[in-house]
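Reading through the structure tokens given below for one structure.
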């Protein structure tokens, strides 16, 4: 297939290749759009489009621009969509000239699977995470590194040459969650969505993979503590990432039967109930922490109690609106990020419930291939999460308590496997 | 108890009495506030405050203003809060001078229990409804009448004299729903709320009282058709007020398995599915209506099918966004209002789900003593409903499908009574 | 370009052609996806992709399926995305066998430009509107017809043969509104959006094209009456589509200074203010209508006053929640649809503000090439509008009063043209 | 005024006095409600109700309960509403037995003006803040102290005796913001609200009082940077409390013209724009901080630049979702709270815009007499803030950019004073 003559001013040219479900995952359209928007032009030299469900496609394009810089820009942009120059070069490295900052021209990572070309070979980048740089060390594989952990003398990848990104593409059969992704409408069949989450949790458990819960205090306020305890006790949740508020109101409930002063059995605000959460924190601090309080019999039920009884790890990350806080809260946010980063490394599924802050924070740390379901009654939380780049997130606009109640019914009823 | 001397300029005075839970239902504070805001002053001549739960209170006030008109204004305003002059006069009547409009000075009704004084006796107003006038006919009791139904020559109540309004006040024990009323927070214990609704539906059924469902198409979109069918089949719902959209998508589901083109079993949009609702309407029109379609075996499941099988009345009120519409839709909105007015007359409880238009429309027709629970995932619907004056409405910000699913579980599990 | 051998079971085949910005408007990917989802397969026989901004592309596909019905289904679906069989046939007609309903197999229209093939020639369909059928009459051009207007004996298009749909595709330069379309995020630069609306209104005026305003009562509640009056007075708005509520509260404001009883100068609820809107309606009914009230000096300001002074048409469509209503309100919804249909026929731009009901109703009537901007502070209104198929709508999640205030500043400041 | 005989079982009795606008500020009704809800009874011994606008009222009640503990509970609860026993005792003190926790029975503070009785004299508590304890030191006035700052040996107030709380009550004339407080409806006249904020900012400036801005990154995303710069430059804002995100996107805008990768002049996402914020952070880290970047000419415009040029203090508090972060960010949340606490001490007005996290955090630190206006397009932010106890907050549901644009117009146009 030939194209008409190319504008004379477009004298800088590079041939790139794109592979995968490039038509129906919209990868090729996006790349062509990038080129045109950046003022370049293209010539499709070859295009082989798979015509059955599982057939991938491949396209070879000539990309042109009027200037060297323009062409580099285009290559950088389409590189993030998986277009790789056919004439290959190694990635370029620069030595960090100071602690805590990258060289000016550093390559900024996405959360998608990435390879860098080192000495002629494509090597997978480890610890994939968005908004990082890539550190290359002689003795080990290249890996993502947050800005704050850079030390003078580290070799850091710069520019866009020798980098290959694999944009997420799911074969049609595995798009179980996709439908809900299209927008954040509240008017979707909700039973289907809950069943999908149940199936995923069950599959994870059956396959020995780990699921994390990222949760906000509305879990307690809406009366969902026993549901979360059930999920932990029955081995569906293997990690809890939360903050001072969830833990505090969970223990307020255990000690006083209220959450933020509202009686959870009758739904009415209790006089002086606004003091309960502070008294709960005070008791835990007096006891020397949550685990100590469990040992001393001060704390006898609830999510934090269940975490300790079931032996699953939890991290309470600090925030500036924390009262107290509880002794376990990690009050330095960089330290909290670092601990979360280590904890999510072997997580395969992440359920985020009713927290914008923690959901965005954890979403930032996850590679694109970890499935995430974000449940919130407020559509804006879900919108915010995908605006921030966690595209693999399935938003589910629904109410926390009935969602969890139905989820557990689904898990109990089985489906033949799991539990 | 005496008060200091009153401002000389306040030479017009009237003594009023207020009875009921005037302190803790905030009736007295509101009345005093009215007087001061309107530029008047007051003197509390006597106040007897009930000091146990069931004791009502009574207060006698002297209300003063600088002008006759000012005093009348004040009396009109505080009359709506239940303050009645101790020196009594009959209500005043004016003869309607034309069809379809009240005399200029007509008394505008609230949805609260109201009495008018006729020939020295207090008489209950019938068909209580907000935003109406009061018609007095020789041979029958006074009754609320919508503007559009006024006919020349009817005697209509004007001014504020001789009118007594009984503001809603619930004894503390019956405030089961009240807690949720305080605001529209989504962060409330939801199980309690659902249990309250279940208890109410069960009590209505046990007492032989009727409950109505006012519903929007999101009932179908979210996959809740079978839940509503269950409620009708088991005798918890005795009237359905909806529009063309609910009925259409319900029948689209019955015929095609989709709602607005979305497959309800898998949650994905079906190609050409956007045509389904129109094809469903077309079939029903070809069959000659919903009941005819049931008889001919064209319609075999769903909410409309269940209404016909269970013999409960339904009204489909027209709106300008209707496709088709279905033959049963009442396309004239005044005729629809009139039919709804007749249908809700013996309703004791009203459950409004996922429709702003129909909820406000029905809310306008109900007297204040009919309990209303309005369920919507969008807080603004609930806010709008109470802004429009349906103060007896309990807002429940939650997701339709899980709400109904849980509601049915509650009803099935019994609680010892009902079902 | 050749593809591998096709599955033997796919023995029914048809060649189709697709033209336009088929890659970057995502038309081709959608068509290929349709084919695969429906269980078919395809072979791209030829593909010529435009490589500069203005170059259209063309593709010739062989589409295959295992059954005749399957192939027809696929052709029907991809036909809506603009794929037309290369071996052409005329569209098929069936005679309506009854009033008010289509033949069972009727072709259901979209709001996109459509042609039907009659006696070997492609003819434009008139009065393009979604969710209609197509009526073909001997003496005139084919045109969209709503179900309710069908009369026995009319020839109606059935099936999908001989129909060509032109999916909307905008050249890149004209995508001024597109960016906001991507989602309903509130976190977008709002000044840009308002400037775009101002530019469009100014361009319409300069070109002698007409703009319509579809508005809800929140225009009055938020204190925006004078802004709308300015737009009408200065010739930017040529048609008002609204309901009883907007007109009523507009006149309540003119007579009492309140809207729904809230003082618009001080923002506080006025005692007895809830009666104002009913008294306003009553006065207009007594006067014999809005125009009569203007003539009699009863109504001296506001939106309705301005419409009458400026001589622009308005339509007040009835709804079941209307109080009164005003004499001008068209209470039959089919009659209201019919009048709206006639009024929007020569509208080129439509600004929808703060009304879900009227926005969806008008959106249903507009062809896809009429630009629509929908302004609402509630994201769900905007989501609902595009869920209902008005894809050309640009959603702008912002606050009504400041939006209109800023819009007028933009229009006043000019930009060199218009005003 | 006498009441009937009191239930015999209520043998524990205490006389309390309540003063202020106890009827129309609803203080008395709330107190009576408390008593009854807690199972007690009351006898109103005397009630003098002010009958003109400025007259305060006073009531003397006998409160009864069946048990000593019950009575103490009631006294504790009604104490928070301003009821003080007429037979006075000093407050009780307990010595803190460990660092970082209060004695079990500590008095938990509100954000309202509070006095404790020491050696027979009522003394004002300093540093009033909710959810703290009260520390009494020999040499200085009693003051609120957060749990985490408690050191072994400090005398801490316990129980409820000898404590007097002054519930907020505003005379009618000063209720300028109150109307908006009633609920979070979006349908209010917005011009009035903006004018009120403008008047307050102008009055603060004229009186030499300080106003703080608490802001989120949506200020930058919506294109409002120049508005905030104007407010700082013209002396209306004297403190900025924000996080890494606002500062980062502000500097992304200054360096790249984008915010979160969206071009602020044209509203479209820029390719590779998602990297901009990280590159901006990297540059600031390389420069050694924001102030250094200004000195070096790297940062030449925007909010952070303006803060430095105008010499107003700012605090960037860390959160777990921070990228980078910027060198100035206080990453330990307790340290951040401590610095915020010191900074807000002399603030008289606080404008919170588009941030839930920072708004709640700062709201927690402010005494009830600091006026707060919280602006957000999402009603749930405003609801959350008042659920968390910041009752003095006026919620304004509107769009950030047009709000700030209009606010500045109001301030520029003057109103005769200020600026």
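By written order: A, B, C and D. Residues from 1 in each chain.
Keep this in mind: a contact is a pair of C-beta atoms (placed from the backbone, for glycine too) under 8 Å apart; a residue touches a chain by one contact, two chains touch by 3 or more.
Everything numeric here is computed off the predicted structure, so don't read it as measured data.
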| item | value |
| --- | --- |
| Chain separated most widely from chain C, comparing mean CA positions | D |
| Of A-D and B-D, pair with higher C-beta contact tally | A-D |
| Centroid spacing, where centroids are CA-atom means, of chain B and chain D in whole angstrom | 37 |
| Distance from the mean Cα position of chain D to that of chain A, given in whole angstrom | 33 |
| Shared-contact residues (touching 2 or more other chains) in chain A | 37, 186-187, 260, 378, 380, 387 |
| Chain D to chain C touching residues, read off their complex | 178-180, 182, 186-194, 196, 217-218, 221-223, 259-260, 262, 264-269, 377-378, 397-403, 405-406 |
| List of chain B residues in touch with chain C within their complex | 34, 37-38, 73, 76-77, 80, 98, 100-102, 104, 106, 108, 131, 147-148, 260, 271-272, 274-275, 278-279, 281-283, 285-286, 317-325, 331-334, 336-337, 340, 356-358, 360-361, 364, 378, 380, 387-389 |
| Residue numbers on chain B that touch chain D, as the complex places them | 1, 3-4, 6-7, 23-24, 26, 28-29, 32-33, 36-37, 41-44, 46-49, 51-53, 172, 183-187, 379-380, 383-384, 386-387 |
